[in-house]
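What follows is a group of structures, each given as structure tokens.
Two complexes come next, and they have one chain in common, chain A, joined by chain B in the first and chain C in the second.
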Partner chain A sequence: MSSAQIEIQLIASLVAIACAIPGTFLVLRKMAMISDAISHSILPGIVLGFFITQDLNSPLLIFLAALTGIVTVVLVEQIQKTGLVKEDTAIGLVFPALFSIGVILIAKNANDVHLDVDAVLLGELAFAPFDRMLLFGVDAGPKSLWIIGTILIITLILLFMFFKELKLSTFDSGLAASLGFSPVVVHYGLMTVSSVTTVGAFDAVGAILVVALMVAPAAAAYLLTSDLKKMLLLAILFGIFSAISGYWVAHWLDASIAGSITSMLGVLFLVVYLFAPNKGLIAVIYREKQQRIEVSLLTFLLHLKNHVELEERHVNHLNEHINWQNLRSKIVLDLALKNNMIEIDNNIVSLTEKGDLFTSQAIDYIITNEDTQIEDMKADFFLFRG
Partner chain B sequence: MDLQDYFSLVFSDYTLRTITLGTAILGAVTGMLGSFAVLRKQSLLGDAISHAALPGIAIAFLITGAKESNILLLGALISGLIGTFWIRGIITKTHLKSDTALGLILSVFFGFGMLLLTFIQKQPNANQAGLDKYLFGQAATLVESDVWLMTIVTSICLVVMLLFWKEFKLLLFDADYTKTLGFNTKFIDILITSFIVLAIVLGLQTVGVVLMSAMLLAPAAAARQWTNKLSVMVFLAALFGAFSGVFGTAISASQNNLSTGPVIVLVAGVFVIISFIFSPSRGLLFKQIRVIKNRRDLHLHKTLSFMYRIAETHENISHPHAIKILNNFHGYTRGTLQKLVDKNYVTIDGTMWSLTEEGFKTAANLYNQLTKQNE
Partner chain C sequence: MSKIAVKVDDLTVAYNYKPVLWDIDLEIPEGVLMAIVGPNGAGKSTLIKSILGILNPIAGSITIYGKSYAKQRSLVAYVPQKGSVDWDFPTTALDVVMMGTYGGLGWIKRPGQKEKKAALEALEKVGMLPFKNRQISQLSGGQQQRIFLARALVQDASIYFMDEPFQGVDATTEIAIINILKELRKASKTVVVVHHDLQTVPEYFDWVTFLNVKKIATGPVKDIFNDDNLTKTYGINYKVSIQK
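The block that comes next holds the complex of A and B.
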């Protein structure tokens, strides 16, 4: 590995960490699309800043662009406040307009400006090590490393200082307000950090792909845990993993680094989405199936409990009475047998003592509308689940 | 070329005519379907779908190696649909919210598309140039066959919309009721969503991946301000969309270096701003005027009721009183007093005022009406 390669991976990882932290809170606050809006609408800010400074890495440009990001948030909120359109429509109206202004500004000045839309949108990480930072005439590493490093340190300091406030206002803004932490300040603080991070990251990974780095690791982490600290850590780890693996995939395919980092994020999310324990797709589908069978079982037991007549409890009759298909009836019957809830004597089904107890308790919970309790009760009664 | 040249050329020049027709039809169909997206609170779905279409274009090119726009659009359509259904899967099967699902699919698909595009660029194949026009769109590359395709799709949309009008409308405003009536809501839902995807994919070539969502939203959001009726809204949105297309093309054709997509979006944005401000019933301007008018009426009533309270204590209700006893706190200004005189509720004699018979009656009924309304 050459030093340029190490530097690229370092920059990518730092960007991933810097994005994952505000991203986690955006996902939790259901504001993920705001990051998309910011990432598009900073374009006019970048263009204006570039006209003034002629340097993509100047702090003034970052400041101007971040300001555009905050203007976007304010505009969205103002439009939403008029009540004329819903919030999502407000977002969808503001950022394409600002983005269009940016594109037109670039197009009108294309001849004398060394800046094109592709560079802003997609960035080119591969060139980052060539733009060196000179401190007192000494080479101090790539400029983007310094920029994103500074942003990351500020973000981390803010995170540690205001972790409690952030946590509280994210999960219970009413309580936060009543305790004297202003949710508005926290909100705009978070928006500012998101804007600055987006701008700082845009020339490394591109403005649009910042969204992926903000949303995808946080979303994947959210499927795995419901503890905020663990979620932050997981999101950071996922970000770093995709940054480094993405770099090597791009190296192998000789394609865009930013694109391949995003694709790795996509693959990572897909894996988590499918296989996450409890919250993943497979687990959810399995659980839904289990619950469906167990509800059937309960219906079946209820029917038995309600009828003492022999002909109502004959195996063949049950099949047509409850109107299930053969397979389903068989599964339910087997499950009941395995759990010792029924016994079959001469094709007549009857409840055991245990089955009787289970049914009465379940009915109790359903009548008192405490359906959630049934899940705990199932653990006590079932030897085998559906 | 200035605007005047444009309008004289638009009927004779082949390219200009094609582009203008294309953007107009595109604006109409996206505006029409966008109405449904906006009302279903799926405004940002368009943004996600248009980004999600990018890898489809790249894969279609990788497989066929040809730049036939219909095949590329077919690829875009498929990957747009995959993106849409993945979004639905995330929202329904996990606890992640719709904004997260949208942002995730949007960025991940777009990133994957960019990976493929850069990968294609490195291939030793001279045919690959120009795929990136789908990023920002190039209306100038529209040819007659594209316009025909748009026309056909628009007609299909229209027919389907008219056939399922009742179902669409019902699902839009009361999904649960629709279900209880026995309609297959899932089917209707998928039908609307698929047509939205189709409209977005059609626009990719003209407006591009990034700005397509605005084409869907802006005309619909503007139309929403003028009416509370779905049919009128859909019609108006189509109209606004078509006009944005035509004006946007005209403006961008009359200047150098002005890409069509962004200009169309900005024109549509102007429509939105005008609608937000000037719409008679919901617009900000008239709303503000109504607020001011109400406040004035309230001041007037306040003064009148104060006068009534004083006049009540006298046997002769028209007994004159000094103007001096009225103050700002009672909503009194020279203007309101003059208005009361104009309405013939009060007469003024020098520095004294006195309530007329009519004024007394109105003031007495002022609160009666209020209490009646409260009951």
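The block that comes next holds the complex of A and C.
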């Protein structure tokens, strides 16, 4: 690997981490769309900042652009507050307006601005290593690396300091307010971090990738864990994975790096969405099927428990009586046999001691919803897992 | 007459400039177990949220033991209406109860062993200890309500506001909750509960406030819980067979 290649992957990974952190909270607050709005509406801020500073990496430009991001959030909230439109409509009203102002500003001044709309939307990671940071005349690495590194460190410090406040106000803003943790302050803090991160990242990776890096890793992590800290960690890992694998895909296919990273994010989310152990699509379908069978099993066992008469317990009679198709009866019978819950003697089915106990406990559980006594059954049966 | 725990004067609250509470005056004496009753949309939740500083009123003043809420936060605990949080949030029962300790910690400081111990005790009290590591969406409605109650208990406050703690709970849980409320009152705490089941008001509570945009009446259950006030509050001719 050349040093430029390493630098590109490093920048992409840092951007991914810096995006995953606010992204996790945006996803949990169901505000993923707002990152889209911010990423587009910062354009006029960037253009104006560029007119003033003539330097895409100047802190003043980042400040001005981030301010446009905050203005977007405020505008969206004000429009929403009128009660005339919903949040998504308000977002749809605000960001095209601001974005188009940015586009017009660029078009009008095309001659003296080396900024174009494509670069804003898609960025160009491949060029990031060419713009170097000079410290006392010594090369100190790419400027983008310094910018995003600084933003990431600030984000991490804020996260460690205010994790509790972020969690509380995201989960229950009412309690947060009543305990004196102003949800408004936390909200605007998060919006500021999101805006600054977006501005700091867009030059390297473009507005679209910023949105994808904020939303996709967090959304995938959400499907895999029920612990906020693990969700943050997973989102970060997913972001890094997509950044690095995306870079190599782009390398092999000779394609746009930002585009490849976005595609990797899409693939990653799809895989998680399908295969996540609990909330994944396949797991959900499998669980539903399993639960259906287990309900059948229980119905069957209960029937046996309630009937001592031999004719009620004849294999053929069960088929007719419980009114199942043969396949289903066979699955249920096999399951019961496999678990030593029934014995079949001369085509007469009877409960074993274990089967009898299981039936009573299961019915008990279903009626009382008391949890403790069936902990050991949970491993084998879906029915008893939540 | 005992001390006044909460005093509300001329309170008017509006959403989008449409007032939903008009000119409310209310005094809640210390040590009572008070029900707030009124139809859906009467402004019961709004009243509680205003007292707790979650909403900003357009007029009026609210004091807790004579001082503003901001100064008395630590004296007040709150159980919100169940639908008000996202139950799919990635967090466990224990973690939610720990949130009750955050107020005592203030900004930045993190909960430690002491807070965890308090949370476990509160979980024990509401009978939810076996569920402490459950993701909260995997709890039944009644269990979720108990978690909220535990979170309020852990705040160790003097005044408890609870918005429909009996919503969607079975008879066992209802009795468990009311016993905890009665215990709180025995410890001279003040408990204010938004309640919908009019039949149980005389049995559970000693004070009642009738609310429907305006305050209809407030006072001891035995004096004012009658068909007249119920009719004024609910608009229809009310006939509950109240066992006095």
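Everything below uses one rule, namely that the second predicted complex is superposed on the first by the 287 of 386 C-alpha atoms of A that agree within 3 Å, B and C clash if a C-alpha of one lies under 4 Å from a C-alpha of the other, contacts with A are read in each partner's own complex, and residues count from 1 in each chain.
The working rule: contacts are C-beta pairs under 8 Å (C-beta built on N, C-alpha and C of every residue); 3 or more make two chains touch, one makes a residue touch a chain.
All of these numbers come straight from a predicted model, not from anything done at the bench.
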(Q) Residues of chain A touched by chain B versus by chain C: which partner has the larger set? (A) B
Q: For A:Y222, select first, second, both or neither according to whether it touches chain B, chain C, the two together, or no partner.
A: both
Q: Classify the contacts of A:A258 with the two partner chains as first (chain B alone), second (chain C alone), both, or neither.
A: first
Q. So, does A:N340 touch the first partner chain B, the second partner chain C, both, or neither?
A. neither
Q. Does chain B (first) or chain C (second) touch A:Q78, or do both, or does neither?
A. neither
**Q.** Contacts of A:K164 with chain B and chain C, given as first, second, both or neither
**A.** second
Q. Taking the superposition as given, does A:Q54 touch the first partner, chain B, the second, chain C, both, or neither?
A. neither
Q.
I'd like to check the shared interface: which positions of chain A are touched by both chain B and chain C across the two complexes?
A. 30, 82, 222
**Q.** Residue numbers on chain C that touch chain A, as the complex places them
**A.** 16, 49, 52-54, 70, 73, 76, 78, 80, 84-86, 89-92, 96, 99, 102-103, 105-108, 110-111, 130-131, 134-135, 137-138, 140, 151
Q | Touching residues on chain A, where the partner in the complex is chain C | A | 28, 30, 81-83, 161-165, 167-168, 170-172, 174-175, 177-181, 222, 225-228, 230-231, 369, 371-372, 386
Q: Spell out the part of chain A that touches chain B in their complex, as residue ranges.
A: 27, 30-33, 35-36, 40, 79, 82, 84-86, 88-89, 91-93, 96-97, 99-101, 103-104, 107-108, 110, 117-118, 121-122, 208-209, 211-212, 214-216, 218-219, 222-223, 250, 253-256, 258-263, 265-266, 269, 273, 279-281, 284-285
Q: Note which residues of chain B are touching chain A in the complex, please.
A: 38, 41-44, 46-47, 51, 89-90, 93-97, 99-104, 106-119, 122, 132, 135-136, 210-211, 213-214, 216-218, 221, 224-225, 257-259, 261-263, 265-266, 269, 272, 276, 282, 284
